[in-house]
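In the two complexes that follow, subunit A is the common piece, with subunit B as its partner first and subunit C second.
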Partner chain A sequence: METVTLTMKNQPDLYLEADNITPDAFAGKKVEEIADLHVYVGREQHRLGEFFEVSGRAGATPETTKIVINGDLSRVKYIGMKMTGGEIVVNSDLDMYVGAWMQGGRITVNGNVDSFAGTGMKGGELIINGNAGNYLGAAYRGDWRGMSGGKIIVSGNAGSDIGTFMTGGEIIIGGDVDVHVATHAEGGRIVIKGNAKSRLGGQMVEGEIYVFGTIDLMMPGFAYRQDVDIDMDGIKGRFALYEGDLGERHRKRKGQTIYGKIYQLIEA
Partner chain B sequence: MSRTVTDVICPFCGTLCDDIEVVVSDDGRKLHEVYNACAIGAEKFLHSQAKDRITRPRMRQDDGSWKEITYDEAIDYTARILVNAKKPLMYGWSSTNCEAQAIGSEIGEVVGAVVDNTATVCHGTSLIAVQDIGIPSCTLGEVKNRADRILFWGCNPAHAHPRHMSRYSIFPRGFFTGKGHTARKVIVVDPRPTDTANVADIHLQVEQGRDYELFDAFRVAFKGEQLPDFVAGIPKEKIYEAAEMLKSGRFVIIFFGMGVTQSLGKNHNIDAAIAVTRDLNEYTKAAIMPMRGHYNVTGSGQVWGWLFGFPYAVDLSRGFARYNPGETTANDLLRRDEVDAVLVIASDPGAHFPFSSVRKIYELPSVAIDPHETPTTEVCKVHVPVAFVGVEVGGCAYRMDNVPIETRKVVEPPDGMMTDEEFLRRVLERIKELQGV
Partner chain C sequence: MAEYLIKNGFVFDPVIGIRGDIADIAIKDCKFVETSEVKDPKVIDAAGKTVMAGGVDVHAHVAGPKVNVGRNFRPEDKLFTYKPRSGVERMQGGFSVPTTIRTGYNYARMGYTTVMEAAMPPLYARHTHEEIRDTPILDQGAYPVFGNNWFVLEYLRNDEIENTAAYVAWLLRATKGYAVKVVNPGGTEAWGWGLNCENIHDPVPYFNITPAQIVKGLIEANEYLGLPHSMHIHANNLGNPGNYTTTLDTFRLSEGIRPRSKFGRDQVMHHTHVQFHSYGGDSWANFESKAPEIIDYVNSHDNITIDLGAVTLDETTTMTADGPFEHHLTELNHLKWANTDVELETGSGVVPYIYSPSIKVCAIQWCIGLELALLAKDPMRVFLSTDHPNAGPFTRYPRIMKWLMSEEARNQQIDSFKYRDKVIDATNLAGIDRELDLYEIAQMTRAGPAKALGLSQIYGGLAPGLDADVAVYDFNPNEPYAPDDIETAFSSAEHLFKTGVQVIRDHEIVSNGNKRTLWVNAKVNENPQVMRDVREKFLRYYTVTLNNYEVSGHYLPNPYVIEVDATQ
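Up next, the complex of A and B:
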């Protein structure tokens, strides 16, 4: 693995759209070529090198390219967008759309991220050592196919609307979450180690939500079924199982109606 | 002497009443009286006759006072702030005609602006939901002629759309609704006992911010599944009863307003409301319609819909249209310092945006295009007064049910005043000069 290091040296007047900061765009390029890649501030196109010091070297392929980014990136959007492989490590807070539509590889953010992280994610790993904003791992506006694969791990809290229209993959939140979790979900798994507020699984067709802490208010469309013991993938204990959303349409498999499932921890 | 102009369109609310009569002077320069309109609609017409009306553009001086400038100077200022900005915001558009909106869209494209309309603080959330799950809707004519189950959710037409109930929803006798209100059942869902709730057969006094849960409960009830004893503060028996009342109708119409579009859940509430409508179509005919506020906010969404593919919050900065409420919406852009110049037209964010956003407008190069003196004109650097659309100039507007209606000119504007359309056209010309294209 070869490493390219970016260090932010100039802040943008507005926000920087840096969808070219991916192992895919960097692979096979020299440092000068990387500095020549486009970034945008509003309608103006700039060179990446105007905002970042670029050093190190890129691998021949995305898979063999690692990007380490230092400095204050709290006004930078779209890092790691659509990446297919390799690695990005960001030592800063980040603005919106980190790892949006990513397909492979790994992004580690040592800081907080704003909204729309992991939008429409298909594969790979997005690790956030901090808090995440709203719409984590959600579908892009108007798309009914949300996150379909990969894994998002947030050590802190997350905002509202996580996993909207999710069809697969996994989101693990270390802390608490805001309202609307897995709305319209048709698959996938969300694990909340802290507390949840309300509107979990609204209009949910299929998929699983695990909550280790409290739930302020259960949707009326979720009915308690039974207590179950679980021990898998770090999820261990006795859980109360709720099924729903009873108001929503559901598929049948082998004559059985398949519901969305909410598991709430009763005892570890 | 005076004469009466009939079949005039009221340019105030989304009901867009088309039966107004206006008495004007023979020379067409004075408007004397307005008939058939409700109080707020009549006020809009009469406002054009105000003695202290501002008829020339003004620029704010360093000491805070206004200095009168020419339209040419205002055009130059507007063109320059848009050309010099990296990402200008062009906001408003809801109280002007589609012709002006179309030119504004072209300016937005040329300068790489974000264009947003008042839906952003109103029914934008409805538009998100429509994009997510579609919408079974209808026209107000169908409501008048067919609907026998009327559900008002989070809206109060008695005050916000005063003639809506008499012209379309509750009282009129239509083709299949010859008995008028006596054959209609009305349900109102509102946390407050409003004047609309007073005429309802059932008033569900939902707990504030629990609409999403109540919509879900309706869906559970339609399917005959079990509900908890209370949902959103309402006993389950009452929910089953209301659900039955809806199912038993021949034609159900659900009207909803800002009580659900801007309370907790926002687009999710509407998403669930549309799902309720869809479910009802398993049993009877049902449609749903947003109670749009400004008379042509719907038209603004139409114009951008056909030009850019999105109805509001369209970011054109990169040369193609992007749309993501939460990022490209006016308040988010202002709050996050994402824009560096502001043009406001045909709306009043100064009165309706949070103070933090209004302060950002105050700090940026800004121009307000508005016939009135408003809280917005107070914080902008330049105020461009224009003719009243629908009173002093005609043009196309879209009613809340997406029916286009041509508004009419009934009186002359004060001498030398420009219309929105003329002003924007000149700004576009000036921008092209400055850009050298």
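Up next, the complex of A and C:
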């Protein structure tokens, strides 16, 4: 593994759209070539090197390339977009769309991230050591193909509309979440270690939501079925199982109707 | 003034009857002229290249409220498809529902210069014209929809052809429309009751009229006026297994009627996107092609023209004034749905759709579209279309040309289908070895549609006196080529002239052209009853007043008015 280090030297006047900050774009390039990659500020195209000091060296392939980014990145979007392998470590807060449509590799953010982190994610790991904004692991606006694979781990809280149209993969939230969880989901798993508010699983067809804390208001489309004991992947205890959304179409597997499932912890 | 000479190209032009011979084409000001008439022309070297008139599209959904609903409710259609402005090109976006700007540029890139918007809700004619105005380069017209309009239903219930004609003339003038469009006659009105008209004798609730009466009456009103284009129909029962009998029944409504028009067309009915209307079987399980039955009828009746509605196997956005059909579709694919009722006039729906090569029905639909073209005896009456964006985006026309011109390309596609053998069993395409030539393509994409629109006096060919719309493609038909070379060449014209203005030079867009909007001004005898009915309906039912309805001049900065005199 080779490492490229980016250090913010000039703040952009507006926001910086930096979808070229990926192991895929950096792999096989010299430091000067990396500095020459383009970024957008508003409608204007600039060089990455105008905003970042670039040092170290990239690997020959994305898988052997690690990128470490330092400085205040709270106005940088799209880091790690569509990356297929390798690693990115960000030591700052970040703006929107980190790890959007990512397919592989790992991104670690040591800070908070704004909305749309992991949008349309297909694979890899996105680790946020802080809080996440709205639309975490959701589908792009309008799309019905949301997060389909990979894993998102948030140590803090997350905003609203997480996992919209999710079809696979896993989102784990250490803290609390806002409204609208797994809306329209057709698969995947969301684990909320803290409290949830309301509108969990609206129009959910398939998939699982685990809540360790409180739920302010259960959707009327979910019905209590039974209590179940679970012990897997750090999910351990007795849970109340609700199934829904009963207002939606549901497919059958071996004669059994498949529902979206909400598990709420009763006792650890 | 500007003079050009396009020298030594292989010219394909059904209007002057030239089939790939080397010839020179001269342009003076905005028209083609004899080569002897240009004195000091700018010379375009077209040696080794293909030269054709500008393409003419009779049927596409490119402007107006339902197109814009498609754009608005599918932001994902624009994801990663934006292109920033550069040179004279303005910013563009979208794939199946592109921005107006991209619509104009992408048609031009394919060598098309005239495109008709196929369904304009009269109430939203202003919006339609605003989008047309914002679509660069292309000459355009729009067809207002009549098949579910309360005036029409009430007049035709009593066989009042003269009143229907007077209303049609009034509405064409009020909306600056080009032709009489009919979509699911009676069925969209029935949709207001949660019903549909599934065959031509299924009565429309409340109005006590059948689709057959509506279609026949509108053909008669159209010929009473002698409009440039014929009645243009999307029949009942679109998209359902077994619907080919409804299509044949609809065709038969034109039997024995001859055109009464001085605009040179031979048909009294244009049936659009016939692929969607050529289905056999009685379920999706035994769904099959009835293209041979359908095209046999078309081949033997010269008062009908059709366009294909060929499926391109893409992710796209369906949109139609056939409201009940779009509801049916969203129930099938569970994707998002938009639905609108347009007061006294029509309705519409919009649903995204993915024509997947691994779904049997989609593969059969793909075969049917191509079968219609390949079994056609007269390419002057069968036009290339995708019912953009319903069966696929118009930007795939060059790919359809490849399939029509190359059996090898078709077989490659058939062999890649997941249900190859079942698809072959349910269709006829695998047994067809016909390969269309560029002359036939020019008939299906230029001369034929121009004639059917009643516009052969300005479009569709390279004869002196016609508007100088001409494309030069980097394609040598006399050298060996791979099927994909066809698609590549016809996707990107090397040069394009629109009304004598060079809009593409060396594959680059260099001008936003001088687009015109065509509309038909039909003069009829004064008809106090119809004008009283119009005033009364606006007072009683419409949410707008007449003054806020009619499309005034500033919506059409560069109008091209076709005058029709139907006074008698």
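To be clear about the criterion, the second predicted complex is superposed on the first by the 268 of 268 C-alpha atoms of A that agree within 3 Å, B and C clash if a C-alpha of one lies under 4 Å from a C-alpha of the other, contacts with A are read in each partner's own complex, and residues count from 1 in each chain.
One rule holds in what follows: a residue touches a chain if its C-beta (ideal position, glycine included) is under 8 Å from a C-beta of that chain, and two chains touch if they have at least 3 such contacts.
Everything numeric here is computed off the predicted structure, so don't read it as measured data.
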For this session: For A:Thr183, select first, second, both or neither according to whether it touches subunit B, subunit C, the two together, or no partner.
Result: first
Exercise. If you count the residues of subunit A that each partner touches, which comes out higher, subunit B or subunit C?
Worked result: B
Exercise. So, does A:Leu246 touch the first partner subunit B, the second partner subunit C, both, or neither?
Worked result: first
Exercise. Just which bits of subunit A does subunit B share with subunit C as contact spots?
Worked result: 43, 140-142, 144
Exercise. Across the complex, what residues on subunit A touch subunit B?
Worked result: 13-15, 17, 40-44, 96, 115-116, 134-135, 140-142, 144, 179-180, 183-184, 198-199, 202-203, 217, 219-221, 223, 245-248
Exercise. Where on subunit A does subunit C make contact in their complex?
Worked result: 43, 140-144, 249
For this session: In the complex, go through subunit C and note every residue touching subunit A.
Result: 73-77, 79, 84, 334-336, 352
Exercise. Which bits of subunit B are touching subunit A when the two form their complex?
Worked result: 85-87, 111-112, 128, 131-133, 212-213, 216-220, 222-223, 225-228, 231, 264-265, 268, 271-272, 275, 279, 317-319, 323-327, 336-340
